[in-house]
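Note that subunit A is present in both complexes that follow, paired respectively with subunit B and with subunit C.
== the complex of A and B ==
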């Protein structure tokens, strides 16, 4: 089993702030890793570097053995926590957009997922609620057969029923050939799907390990552990 | 790259249609005033065309700035596309939309003018001169936008904030324009060789500054493509 993602001493500094201070992290093939931390801990910064839209100040991050770039973007399926789809699009246009640009995009799977999410392909993107937009973004991202899925707050702003739906979609569409990294504040809702977890604080990974082993060793759920680490 | 161009033009469809319709309606209105306003009518038609080109020119700048400062950047910059593809697609989309508006404006002017000006031009101008004029039009759009896109991207990288980034880009644009103009003047006075390129207007061009423009375009295009792929942080 090889490491899909390897990060070594990754630092990212802005003018007056250090967002990442030597983050070290690995993700093995076939694993779902939860990257957990409070607001401003560096989760999104790390994910953006892995997605290739932010460049580290120092350190090394490799995906499938390569630095983030055109190749890694073709094997990474990234769900950002922004509303990035064009306002003029209908849902079917968004599906076509992904089909046009990603060779690993499965159109049939996308329409099946849209049905599962109860989204109408003829709806306009701008008419969707926040939860529906989240479902659409997730549909597009999960319809790719990527080596690494990066999901930034996939449950953000979504009601509990929709959360379950989203989690089911993630579990049902995850393949053992792929890996996934998920950030969230809603640890309790999502911890059941994590194979590994990493706690990030002030730009550093402060604790990382197998989710089940951590639960057994500490005799606590990941949610309780999260509260203990970040209290 | 074809897909990038397709989606850019699709995104700007309403803007392009809106501008073209405004030009058509404006010119139709002017046609009703031919008797009373006389010579003022073609002049106003020319102004209308000019205004349409300014608006579509500004719209062409947003082909880059929207992705640098808005959330759509997450869509574009996570695509497995090189900086060169991104840069070239913006330029081609801009050329297409500006040319469409220019064509509609020229056609409406031609109808208003009953083809007098165009007849006069076609009777005196050789085909190769017409082709040259079209190429010059395309070159002007491409080289100007490349220069502006470069300033935008440098401003975005150097200054992170949206407002300060845009102001910074403008300052960079002004400073680089002055520097470029100064260099062009220096080169044309050092290498004064001229070529005649238009028989009717006896238009001439300095060989040195022409080469300078082409080299500058090449450097700015490559630099902007590199910066887009390797340095822009969202």
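== the complex of A and C ==
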């Protein structure tokens, strides 16, 4: 069992704001980690560093033993919490776009997932509702054969039925030779799919552990624990 | 297979209990095939590793067995159904006794209240 991601004392400041203050975190191969914290706790900053979009101000973050760069980007599939699909695109153009960009993109899988999500390849991106857009983004990200999937708020602003579909897609497409890191503040809906959880508060990991052991030792659900840490 | 989880307790233990219950009540019979880890994970919306752990623990207890490439099956251990029933009955009774004691009943009173209520329940069933 090796660590796909290792973060040691990672700090990040924006001018005078310190977004990360020495975050330590590891993710093992074959595990799903929930990175849990309220808005502004540093979740997205951490993920952006792992995705190679931001550089840490200090500290070290390694993915598959390497610093974020060309290699790590080739094995990390990242779902950002922002819009990145062009409005003029049809869904099938977006699939083509990903196929051109990533050598590990599996087009067949993408079309199978679109069908599962009940998305029509001929609809245009700008006609999609928020939930449908989220489903499309997830389809694209899960259709890569990556070692590490980084999903930033995959359930954000999505209604409960769409949430179920998204959860199903994540469970169905997770393979034991990859790993996942998922951020959310909707802990209740998703806590059963985490192997490990890490609570992040003010740019620091304040609690990390195996979800089942935390339940056993604290006699609480992860959701209750979350409320306790962030009350 | 539909059931409500109590997220305060380890999920794998709840899955194990549920399968044990199905075996004890003979919903699952000897040599029946259990759904694959992946199928079950999707149905229950649970991490596949959690399911794997539940299956492994059940196998360690000799309740199920795995055939490579074929799947997981209900085991043929001797007296398994009776053992499981006894085990689950003990859990129910232990927690009942504990709660009665917390209410301040002593041992004779507990037995007395059971024999009184058992006839009433019989009338109602």
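Remarks
Throughout what follows, the second predicted complex is superposed on the first by the 231 of 231 C-alpha atoms of A that agree within 3 Å, B and C clash if a C-alpha of one lies under 4 Å from a C-alpha of the other, contacts with A are read in each partner's own complex, and residues count from 1 in each chain.
Just so it is clear, contacts are C-beta pairs under 8 Å (C-beta built on N, C-alpha and C of every residue); 3 or more make two chains touch, one makes a residue touch a chain.
Computed from a predicted model, the values in this text were never measured in an experiment.
Once chain A of one complex is fitted onto chain A of the other, the partner contacts of A:167 are limited to subunit C, with no touch recorded for subunit B. In the superposed pair of complexes, A:51 makes contact with subunit B only, with no contact to subunit C. Of the two partner chains placed around the shared chain by superposition, subunit B is the only one that A:97 touches, whereas subunit C remains out of contact.
Of the two partner chains placed around the shared chain by superposition, subunit B is the only one that A:84 touches, whereas subunit C remains out of contact. Once the two complexes are laid over each other on the shared chain, residue contacts for A:206 go to neither subunit B nor subunit C. Overlap of the subunit B and subunit C interfaces on subunit A: none, as no residue is touched by both.
The touching residues of subunit A, when paired with subunit C in their complex, are 30-32, 164, 167-168, 171-172, 174, 176, 188, 191-195, 212-213, 215-216, 219-224. Across the complex, subunit C meets subunit A through its residues 5-12, 38, 41-42, 44-50, 53. By the touch criterion given at the top, residues 3, 6-7, 10-11, 13-14, 71-75, 77-82, 160, 229-234 of subunit B touch subunit A in their complex. Listed in rising order, the residues of subunit A touching subunit B in the complex are 14-15, 48, 51-55, 69-71, 73-74, 76, 78, 80, 82-86, 88, 97, 100-102.
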